[in-house]
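Quick one: structure below, then a few questions.
A, B, C and D label the chains in the order they appear, each numbered from 1.
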Amino acid sequence: MDRLCIGLIGGGFIGRVHATAFQMVKGFFADKVKDVTFKLIADKDDYSAQKAASRVGIDDWTDDWHTLVEDENINLVVVAVPNFLHKELALEIINQHKNIFCEKPLALNAEDAKQLYEAARKAGIVHGINFNYRKTPAVLLVKSWVKEGFLGSILSFRISFTQDWALDSDIPLDWHFQKKFAGSGVLGDLGSHAIDMARFLVGEIKEVTGRLSTHIEERPLVDFPAQGSPKTGKVDVDDICNVLLEFDNGAQGNMLASRVAQGRKNHFEFELYGTGGSVLFDWEQPNEVHFCSTSMRKGQNGFTKILVGGEDHPYGNTISPMAGMGTGFYEPFVIQLFEMIDAILNHRSMQPNFYDGWKANQAIDAIIESAKTHRWHSIA
Amino acid sequence: MDRLCIGLIGGGFIGRVHATAFQMVKGFFADKVKDVTFKLIADKDDYSAQKAASRVGIDDWTDDWHTLVEDENINLVVVAVPNFLHKELALEIINQHKNIFCEKPLALNAEDAKQLYEAARKAGIVHGINFNYRKTPAVLLVKSWVKEGFLGSILSFRISFTQDWALDSDIPLDWHFQKKFAGSGVLGDLGSHAIDMARFLVGEIKEVTGRLSTHIEERPLVDFPAQGSPKTGKVDVDDICNVLLEFDNGAQGNMLASRVAQGRKNHFEFELYGTGGSVLFDWEQPNEVHFCSTSMRKGQNGFTKILVGGEDHPYGNTISPMAGMGTGFYEPFVIQLFEMIDAILNHRSMQPNFYDGWKANQAIDAIIESAKTHRWHSIA
Amino acid sequence: MDRLCIGLIGGGFIGRVHATAFQMVKGFFADKVKDVTFKLIADKDDYSAQKAASRVGIDDWTDDWHTLVEDENINLVVVAVPNFLHKELALEIINQHKNIFCEKPLALNAEDAKQLYEAARKAGIVHGINFNYRKTPAVLLVKSWVKEGFLGSILSFRISFTQDWALDSDIPLDWHFQKKFAGSGVLGDLGSHAIDMARFLVGEIKEVTGRLSTHIEERPLVDFPAQGSPKTGKVDVDDICNVLLEFDNGAQGNMLASRVAQGRKNHFEFELYGTGGSVLFDWEQPNEVHFCSTSMRKGQNGFTKILVGGEDHPYGNTISPMAGMGTGFYEPFVIQLFEMIDAILNHRSMQPNFYDGWKANQAIDAIIESAKTHRWHSIA
Amino acid sequence: MDRLCIGLIGGGFIGRVHATAFQMVKGFFADKVKDVTFKLIADKDDYSAQKAASRVGIDDWTDDWHTLVEDENINLVVVAVPNFLHKELALEIINQHKNIFCEKPLALNAEDAKQLYEAARKAGIVHGINFNYRKTPAVLLVKSWVKEGFLGSILSFRISFTQDWALDSDIPLDWHFQKKFAGSGVLGDLGSHAIDMARFLVGEIKEVTGRLSTHIEERPLVDFPAQGSPKTGKVDVDDICNVLLEFDNGAQGNMLASRVAQGRKNHFEFELYGTGGSVLFDWEQPNEVHFCSTSMRKGQNGFTKILVGGEDHPYGNTISPMAGMGTGFYEPFVIQLFEMIDAILNHRSMQPNFYDGWKANQAIDAIIESAKTHRWHSIA
C-alpha cells in the first residue's frame, strides 16, 4: 500500500488529540508519510463533527459514521467514541476490511473484546489500540532495558494512576458513570492503562484480586428531567480500585486506580524492581526515568535521574533529539500513530493491538469478579 | 512516681538507638526528666553488653538479663532483642511489675501478642511499643489534620516500606530469615510499621488479603558448619509482600513491603486521600508533608510542600523550633521515649502500646493466612 | 492580509523545529490558519536544504536564500541561521517588506541589533524573535500573576541556564566558539534567554556586572587542516558566565549561564521573590509552577506545585486542555509561531520582537564590558 | 588534658542548641567523652540563664559571664551571644587561656576578627567557630570527593541561603537589624555560612562584588518608646544580597542570601561543577547528595540521588549507620562539638576555626565595600 487515507470517528477531546497528532506526524516524519492524508471526521451529531473538523483543519466531515466506514478511499479508521460504541463500529470497520485504531478499553467486557480481536485477526487487517503511555520515550527506554536483561528478573511492580476530577459531585451522570455504557469505572478508564503497562513491562498477568468502591453514588442526570421525576441517578461503577497482581514469571505487583484522589491531575507512576536494578517513572515528569543498578559502586548507589532524549534514546533522532528538551502529552500519540501508519505501509502488525486490548479486558473482568467473590481470579 | 530508672536489654544497633535517644531526651526535655536515669544494659553475651554500655556512656552492665529485670531500682525496661525473645522477657518484666517498652513486632504471632497485652493490662503497668514512625513530627501533623476532620472522610490509603539490603545473597541466615525466630519476614519487620501507620491514620483494619514471596531462598549458615554438612540453609519467610486493606470506616488501601527493592534504603512513604484533602509523605524527606485541600482556589490547586517545624507544628516548641530546621531518625525515638517517661511519671497510658502491637500481629497473621488461602481474611 | 506564506532559511536542528512547529500550529489552531502555508526552505548548501525540506514535508526548496527572500508569494520569513548571518539576511528581508521572525540573539552586538530594530520599525513590518521560553504555558501563567500584582513588588530574581555539552573537548571549533561568528559564547546562546526572561518577568534591567570564563581554550578545527598547519584553534568566547542584575524597579537579581555544567542537559530555572509571594520554575519540569503566597495560612505555608493546564491556565483551551497532561519542547514554539501568524493576520505587533532582541544584545554587551572593567555597566 | 568542663554563654535559641548537642555527643560518642562535663550557663539576664540551664539540665548557672570565664574548672567556653558581644567575651576567654568555640560571624568586621584570630593563635588555645553546615554528613561526603579529585577541577559554584521570616514587618528592630550590633544583615547572618561553604568546597576567594538591598526600612522599636517619641527605628543593614565570587583557583561563583524570600524557611543549597563531575545539595533534604560524573555511561548520564549514611559515608559508623536513616539539624552540631572536644583532648587544632571566621569577615567587608563602589574588591 502506498497511499493511506485516515478517517476519524469521534470529535470530542480525545478525537481532536488524534487529529492533532496526525499533523505532528507530518512535522516529525514528513518524508515517511508523504502520501498519507487525513480526511473525514464523523460524529453522531453534525455540529460537533463540523466543529471538530474545522478545529483540526479538515474540510470533509459527516455526521453519519457509516459514510466514513464505507468510503472506499479510507483505509484506516480511528475510533474515538465512548466504550459502548466500540463493538458495533469496530465490527463494521473490520467487515469493510479497513485497518483500525481503537480507543481503550477495547470493549465493555472480555467476551466482546475477544470477538473483536478474532474478527480483526481473521480479516488480516492491521489493528491497534490506544495505550498511549506505552509510547512515551521514557517508557520505551525502560522497556529496552527490560528486554536487554539490564534489570534482571523482575521481582515486583507497583503502579498507580490517579486523578481527582470525579470528586466534584456536580459532574453529571454521563456515560463514564454507567456500567452499560462504560463497562466499569476508573478500572476500565485509568486502570486499563495501568494493566497494559504491567503487561508491557513485566509480562502476562496470571491472577488478580481487587477491591472496588464508589465514593459518589448519585449524580445529576445529564438531561433535564421531566417535572416530578428524579433529578439524579445511580452511579453503578467504581471510582477507586486497588488490585494485587501475580505474573506468569513469578513477579508480584499492586495497582491503584482512582479518580477521587484530591490533587492528582494525571498521576501515572510506577516502580519496577528487578534483580539487576530498579526503575521509577512518574508521568508528571514524563521526560525522566530514575534508575538504580545493583552494579553501582558502593557509597554511590542511588537512583539516577536520566533526562530522556538524544541519539541514545528511543525516537531521539526524530522527536526528541536532545536530552532535557522535554516531551509532553502529544508525543506518545504521535509515535503510536506513526507506528500504525508504518505498520500498514509495510505490512507489519502493530503493537499494542486488539490482542492487548482483549488481555486488558480479561484482567478488568477478573478484577470485578474477584471484588465480588473476595478470592483471587486467574486470567484464563 | 518521682524517680525513674531505665534499664535496657539488647546492645545491638536498635538498642544503642534507644540509649542515644535517652541522652537526647535529656537535651530536649531536661527540666522534665531531671530524676530519670539510664542504668543497666543487659545482653546475652557479656562482650556486647560491655561494649554497648561503653558506647552509650553507662557504667553498669550485666550479661544476664534476669539481673536487670530483678533490679528493684529499675522501673522501666526497654526490650531491644530479636522477636522470638520478646515473649519470655516481657512476661517476666510484667511479672515484676515493671513498666515496659518493647521493640516491634510485639510477638511471633497474634496469640502470643494477645497474651502479652492482657498480662500488661492486668498488671496495670505502662506499656509501649516501638512504632517510631508514628512519632515523626510530620506524621503527628498529619494525624492532627485527620483528627480535626481537615481531610474529611478517608477514601483510600497507599503505603510502601522498602529497603534493598536483602538483595545481597551473602547476608547469612540469621534470625531475620527464619520463621521460628522472626515470625515472618519483611512483613513483620517493615510491614508492621506500615500496618501501624495505617491504623494510626485511617482506623482499624477490617479485612486483608496479601501475597508473599521469597527471592533468595537459601542463605549461608551463620555458624561455620562442620565438614561435610550443608553450608546453607533455607529461608522460610517472605522478602516481598503486597497487601490489600479494607478498613472499618469503608476506606480501602494497599501496602507494599520489600527488602529486595534495589535503590531503596529506608523508603517509607504513604498517600492518604480524603474527601477534604490529600496528604503525601516520604521518609526520605522526613521534614515535609505535601498537602492538597479541596478548598484551594481554582487554577492554584496542587500539593503544598509544608516544611515541618516551629510553633504551629507538633513538638515545634522543643525539638524543632523552626520550620526547615530538619529532624532525622533519632527525633521520633526521642519523642516516644519522652512520652513513655511522661506517661509513667503522670500515671497515664502510653500510645501506641501492647494493644497496638497485638493488632499489628493480628493483621500479620491474617495476611499470612490469606496468602495461603487466596482469600480475604478478616481481623477478628 | 488573508493569505500567508512562510519561508524558512536554515535547515539545521532549530530550523526543523520551526518547521515542525508549523505543522503543529495546523493541529492546534487549524481554523485560524486555514490559509497559511509553509513553502520554501533555503540553506547555504543544497543537500541540506533538500534534506531539511524533505524531513518537514515541503516540496519547494532552494540553496540560495535570495530566491526565497525575493519570492513575492512569501510574506513571512523565519531566520534560523548562525548569529553572524542575521544582520545581512534580516536587512534584506526587511528591505523586501516581508515580515520576519528571527532566531536569538538578534545580532552580534547591540549596535547591529539596534540597526535591525530601527529598520524593522520603520518598514512597518511585523517582527518577532525566538525567545521561546517566554511562551511556555507555565511561564505565561507566572507572567499573568506578575501583571495582576499577585506577587506584589518583585524583590529579587535568580535565574540559571546550564548545559553540559561543551565539556566534550572533541567538539570542534565551529561558529559557536568564535567571537566573529557568535558575538559571545554561552552568554549570547543561553544567557540571552535568561536575560529576556528577566526582562519579561521583572522589568527593564538598569545595570549589570558579570564575569566570563572559558574552560576549554583550544578546539579541533572543523575543516581538515593542511599538513603541517595547526590542528586546533583558539576559542575566544565564554562558556561560563555569572552576572548580577539591578532592575529599574529596584529588584536585584543574579544569573548563571554555563555549557560546561556536568549533568545539566537543558536546565533553565528561576526563582522570583515578591512581597506578595514567590514562584519557582524549572524547565526540567516544564508543566509545573511552584508558588507560595504570603496569604497562606500559618502552619500550612509552603510552595504549592501547580500542574499547568486546563481552562484556568494560558492556552488551556487549545494546547493543554487538562492539568497534568504535559507540554514539552515544541509547544512554546507552536505558541509563538501562532502568535506571529496571528499578529500578521490581524495587523498587530508581535511580543517579543526586535526591540526585545536589541535590549538583550545591550545587556550582553554591557556584561562583556563589565567583565573587562570589573565595574557595573548601565544599560543605556 | 583528660578532663574537660564546658561552659556556655548565651541561653537563647542557639545556646540551647549547643547544650542539647552536648547531650547528644554523650549519646553518640559516650566512650570518648566520659570525662567531659557541661557546667555553667551564663546570660546577661538571670531569668534567662536559669531557665536555659533548667531546659538543658544544668544545675549551675550565673547571670554574670565573668564568673563563668574566670571559673578555673572550665576549660572550654561556647559563646552563643549576639555578634557585637563576641569581641569582648572572646578576648577575655582567650586571655584566661581557655579554649573557645564561638558563634558566627566571628566579629563585626574583619579588623576585629583578625584581632581575635591572632589573639587565639598566640595564646595557643583551641579555637573553633560555628559554621555548622560544613559538618553535615552529606557535605563532608562532598568535601571528600573534592579532596580525592573525584570532581576534577572546580569550574563554577552557585550557592543560596534564603529564609522568609524578615518579610514580617511586625518583627521589631532587634539587634539583627542594626549595623552597630550585627555588623551587617543577612550577609553576615546567612551569607557567612555560604561564604564559608564556598571556601570549604572550592578554595580561597580572591575577589568579590556584591549588591545589597533592604526591603523593610523601618521596624517597631523593641522597647516601648516614651510618649511622643518615635515608635519605629531605621534598619541600616541588608536583607537581600547577591554576590559574584572569583576564587584563587580560577573557579567563579555566585551567591544569594535573603531573609525576605517568601516560602523559604531554611533553604541552603549549592551546585558545584567540576571537570570530573557535579554535585547538588539542598538542606531541605539534608541526607541527600545528587552527583553526576563525566564517567557515567552514555544514555544513563544524570544526577544520582545518594542517600547519605552507612559505613561508606562520613560518621556512618556512629551517627548515621544506615543510608536513608536521616540526619537533621542537630547532627552537624553534634559532630562539630565532638570534633572540638576531640581536638582539645588530643592537642590538635579545630577546623573550622578563627582563621576561617576572619576570612569570612574579610569577604563580608569586601562585599559591603563593593556594593558602595560598584567595583570588584579583592580579599587581601
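Quick note on the criterion: contacts are C-beta pairs under 8 Å (C-beta built on N, C-alpha and C of every residue); 3 or more make two chains touch, one makes a residue touch a chain.
If you're wondering where the values come from, they're calculated on a predicted model, not measured in any experiment.
In this assembly, D is the chain whose CA centroid lies farthest from the centroid of chain A.
Centroids built from CA atoms put chain D at 41 Å from chain C. Averaging C-alpha coordinates per chain places the centre of chain B 35 Å away from that of chain D. Averaging Cα coordinates per chain places chain B and chain C 54 Å apart. Touching of two or more other chains is recorded for residues 264, 301-303, 307 of chain C. Contact topology of the protein chains: fully connected, every pair of chains touching.
Residue ranges on chain C touching chain A, taken from their complex, read 13, 19-24, 26-28, 30-31, 33-34, 54-58, 163, 264-267, 283-288, 307, 309, 320-331. On the side of chain B, the complex with chain C involves touching residues 290-291, 296, 298-307, 310, 312-313.
Chain B contributes residues 155-156, 158, 160, 162, 167, 207, 209-211, 213, 215, 240, 242-244, 246, 250, 252-254, 256, 258, 260-264, 271, 273-278, 292-294, 301-303, 374-376 to its touches with chain A in the complex.
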